[in-house]
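Common to both upcoming complexes is chain A, partnered first by chain B, then by chain C.
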Partner chain A sequence: MRSLFSDIPRTALTMCYWAFLLYLLVPLILMMAMSFKDANYVAFPIGEWTLGWYAEVVQDKQFLDACLYSIMIAAAATLASTILGVWIAMLISVEGIRGQVVIFALACLPAVVPGMISAISLRIFISTIDLPTGTAAIILGHTVHSVPFVVVMALTRLRSMPSNLVDAARDLGADSVVAFFRVTLPYLGPAIMGGMIFCVLLSIDDFVRTFFLGGYRLTLPMLIFAKVQGGMSPEINAMATIVLLVTAAVGLYAEYLTRRSRTR
Partner chain B sequence: MSIDEANSKGSQSETSPPRYSSRIAAIANSRLYRLTIGAAVETRIGRLILLATIPAVWLLALNVGPIYQMLKISFLSSYPIQHGEPASYTLANYAIFFRESIYFTPLIRSFVFSILATATTLVVVYPVAYYVGKIVKPSGRSRALLLLLIPFWAGELIRTFSVIMLLANRGALNVFLRDIGLIERPIPMLYTSFSLGFGLVYLICLYMLLPLYSSIEKIPNHLMDAAADLGAGPFTRFRRVILPLSRDGIVSGCTLVFLTCIGVFATLLLLGGPNTVLFPETISSFFHGASDKWPVGAAFAMIMLVSALTSAGIFMRIAGGKATKVM
Partner chain C sequence: MQPVVHFDNVTKYYGRTIAVDGLDLAIQPGKFVTLLGPSGCGKSTTLRMLGGFETPNSGKIMLAGKDVTRLPPNKRDVNIVFQDYALFPHMDVARNIAFGLELKGHDSASIHRRVLELLDLVQLQAYAKRMPSELSGGQRQRVALMRALAPDPQVLLLDEPLSALDAKLRQQMQGELKSIQEKTGKTFLFVTHDQDEALTMSDQIVIMNKGKVEQIGDPKSLYASPSSVFVASFIGDANLLQGTVTGVGDRATALNWNGTSIQASAEGHVVKQGDKVCIVLRPESIRCAAAASGLPNSMPGKIRHRVFRGNHTSLTVEVAQGSQLNALVHPAEAGALSGEDIFVGWEPSSATIIPEQIAAA
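Let's look at the complex of A and B:
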């Protein structure tokens, strides 16, 4: 009798998990299903199925241009935030510098400031330094947003690094800079890789900063937003499905990399 | 590598620089490098300059700079400042907020929505995190987590859009309810507080999962066994053992979710209606068009930033215990 009762919480929790998974996935599956609807309005039930919307999307100049623009911004922002993030992490991890807690708090600031406020403050900031809205401003905004995540990932990996590796390199005659490039950087490899993919996804997904910092050229989220506001059609679903599948695949790969870097 | 290191060790002396075999070596041995960076890292101060300059400039200019500029502009009586005129500072921009209810109601609404969404998320996600952290076997945990993380990569806009698919008048839920005969005409769910709340919870719930999971997973199993041996039932074990020990995860998860939720923007525009204007929309209205209304917008943004961070800080202080020390 007792074992029967003690199994009730276990069963209930298992059901919670699957119900939650269903809750997470159902809206996305519905959205994907709608992209196959053979009509130019969005409504259930789906009725006739077609692949026509995909054919339309891959020929849509606006969509392709937005993809290209988003990828370009993501690449630039990722490169900048990786270099800065690793640099800041190195500064925090070095022994014998006072105020490391303050530097760490400062580095994490953009991650705790709510997205909307961050976007507004950056909008004001770029106008005070006379930087026009547009590509450079978006890249700057995305970089500010991504750096804290790289810092945290790099620091986690640095804390697990045996300190005698660098000592050994120094004993063998490498100066600190050479030791960094030949020992520390390769050790950080998996964390940097994971951090970079995370930055790419953050940048491609970002709406609010791009909304306030962007010019007339649309990024992917801006395009989807404009289309959703302009009126629904299964074309948006096809677009979103493509973006979703690509980002989910990249995200899973990043997850795999960070997992590996933690265990090795 | 080993031969190379042996060589450089063998031939190392005060006069000859170390030898490397790669492209880094070519750079490290070049005259330019040895006279500049190579010389700099010889001294402690040189190393410090090399290591700290760029991070310090970046952190001060771009993490503090924007907030500082926003604070400064929020006190200006007119913007942009005319040439030749001294800037005059005022508190009037802040006073506007307290004078009109169309301004402070959205902030209160923002807080209510964010707190309710955080609480809902906590209640919904806690059992799931507990299931993954304690009931799933250690070998299966990664897979159980990864399944939940897939939607996480879909992004803010796509997830919001998928909520529209579910809740629209001819969306899945209404069509389903009609088909099973519960309703005759669709219930308007979109552009109401319900759709906004649903969308916010859907958007942020996964931020709660990882902090909760990592603190629950760390609780040693033998503590629960000990409690069970001493006669504690499942509920007592949960209340006296699991809940206190997962406090850190609860506090950091709630803080993260609350701060994310209060800064959400696109979801408000797409899922909210005229009766559910939240504070980010109010702020953004000052930044459309000409820049002469920026000081008021900046003041409002400061009000939101300070109130959000203060309430998160108070929450962490009250509920925190050990967690505040970690932060």
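Let's look at the complex of A and C:
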């Protein structure tokens, strides 16, 4: 009796988990399966299988251009938010600085402001300062959004850093700039790497901000959105599958890096 | 000889608490000098001020004849061995040691030579390419020491570097530190709260208390003739007896201790009849015997407590109503003292008098 009772909650927990996993994975698996369907509409059964759609996608100039554009924006936004984020984290970690909590809260705000609100306000802002929609505006929008993630990751690492490492560097003849570049920055390395990958993923994935701030050139999510508007085709499934696999791989690698930085 | 370090009336406050209070201290070159004191006595602050990590509120710090009071750490010719070593975790042993040399602008060939020479000094040649996380505590300690020695500083500062090691290793490192100091001829300024470390390694000990220097001297003279009760009780164990001077002689001073007459040495202090004084009597100076031994200060007593400590036995002896003495007895002699009633005694020269006004301070 006792073992039966104690088993019930556990079985229930396990079943809930499997239900969740099913709900998570079935749509993705269906989407991936459809990308191999040898027909120009999306429906069951699949019938004939083909790799033709992938061949089409990798030759699609629009797709390649959108990929390139997205990567370019991601690179620029990542660079900017990494520098800003590390800078803010260093500021917050200074002992006895006034308003530490406020600085931290403000730096983290962009992570919790709803994307829609942030996008609209940025749009109003850029038209106020006469900045045209397009590449620069998108990069600005993505940067603001990514900074908090870098701040949090860099700060976590900084807090675990023995304070006398910098003292030791200063003692051995380094001025504060040399101490930062030769001791603090290498120590932050894994956290910065993880933060950067996070920024790249956020930027590549972003739709709302890009939609409001973008010009005529399409980023990857915008292109997929536009294609869906024109009707579902297995080509979209193939594109989405490629994006899914690449981002999942990068994301897992980032998780691995941050895990390592926490344990070392 | 011109001192290599000179603290001139240095005072440091943290908010309202005074950490170092008008410190005057001169350190001679080539010596192993220890700042010894309880936690909060200002010894670490003194070291950090010399390192450049704290700025005094007033006073001057001279290093090799140069005023360094307000120079940042990187502009001072001193290096610190930190308590937790502070090795750079992303650099291997050789690069850690080379760090200070690189910043001084030495060329890579001479850096390489110097690193090998230093690794050789502590027998870590095989570990040049290891990362700090792959080293044992003692090895990290040695690397930290070599990293600080590498740029050839005027003074090497050591901030309780042995406190993280276990007892065995600590003893071994004490010997090693001392021999490295002798081999290199560097001035070492060592900070510790551990009297054993101070006694075994130092040429000179500076005892600090409440931000001030209490007494300076070599280990032997500090132990044999402490100038205050604080020093007497901080270095080694001591019986502290309260007494009144009853007679002043050439070699010994007669005293009244709770109604018992005893003799002790005034050691340079001027005392006169009727003065209230404190007498410092080391447990190992007290001789215990089964019969009255003919020693001066011989008196009967009863053993109240007996603690076996391996290489000696510690006795608590009641010599008069309410007057107790702690004595150390060699294992060979302890056997003869099986009964409760014994006699204790000591040479007058081994008991030091400290006048009351100093004892109270």
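A few points about this structure:
Convention: the second predicted complex is superposed on the first by the 264 of 264 C-alpha atoms of A that agree within 3 Å, B and C clash if a C-alpha of one lies under 4 Å from a C-alpha of the other, contacts with A are read in each partner's own complex, and residues count from 1 in each chain.
We adopt the following convention: a contact is a pair of C-beta atoms (placed from the backbone, for glycine too) under 8 Å apart; a residue touches a chain by one contact, two chains touch by 3 or more.
Note that the structure is predicted; figures quoted are calculated from it, not measured.
Of the two partner chains, chain C is the only one touched by A:P162; chain B is not.
By the document's definition of touching, neither partner reaches A:A76: not chain B, not chain C. In the superposed model, A:L218 makes contact with neither chain B nor chain C.
By the touch criterion defined above, A:R123 reaches chain B but does not reach chain C.
In the superposed pair of complexes, A:L172 makes contact with chain B and with chain C alike.
Once the two complexes are laid over each other on the shared chain, residue contacts for A:V183 go to chain C alone; chain B is not touched.
Looking at the shared chain after the overlay, A:I197 reaches neither chain B nor chain C. In the superposed model, more residues of chain A are touched by B than by the other of chain B and chain C. Residues 172-175, 178, 182 of chain A lie at the contact with chain B in one complex and at the contact with chain C in the other. Of all residues in chain C, only 51-53, 72-74, 78-80, 82, 84, 86-90, 99-100, 103-104, 133, 147-148, 151 touch chain A in the complex they form. If you check the complex, the residues on chain B that touch chain A are 5, 8-9, 12, 17-18, 20, 22, 24, 28, 37-38, 41-42, 47-48, 50-52, 54-55, 58-60, 62-67, 69-70, 73, 124-125, 127-128, 130-132, 135, 142, 144, 146-159, 161-166, 168, 170-172, 175-176, 202, 205-206, 234, 259-260, 262-266, 269-270, 280, 283-284, 287, 291, 294, 297-298, 301, 304-305, 308-309, 312. Partner chain B is touched in their complex by these residues of chain A: 6, 9-10, 12-14, 16-17, 20-21, 23-28, 30-31, 34, 42-45, 84, 87-88, 90-91, 94, 97, 103, 106-107, 109-110, 112-125, 127-128, 140, 143-144, 147, 172-178, 181-182, 201, 204-205, 207-208, 211-212, 221, 224-225, 228-229, 232, 236-237, 240, 243-244, 247-248, 250-252, 255, 259. Interface of chain A with chain C (complex): residues 162, 164-165, 167-175, 178, 182-183, 186-187, 189, 264.
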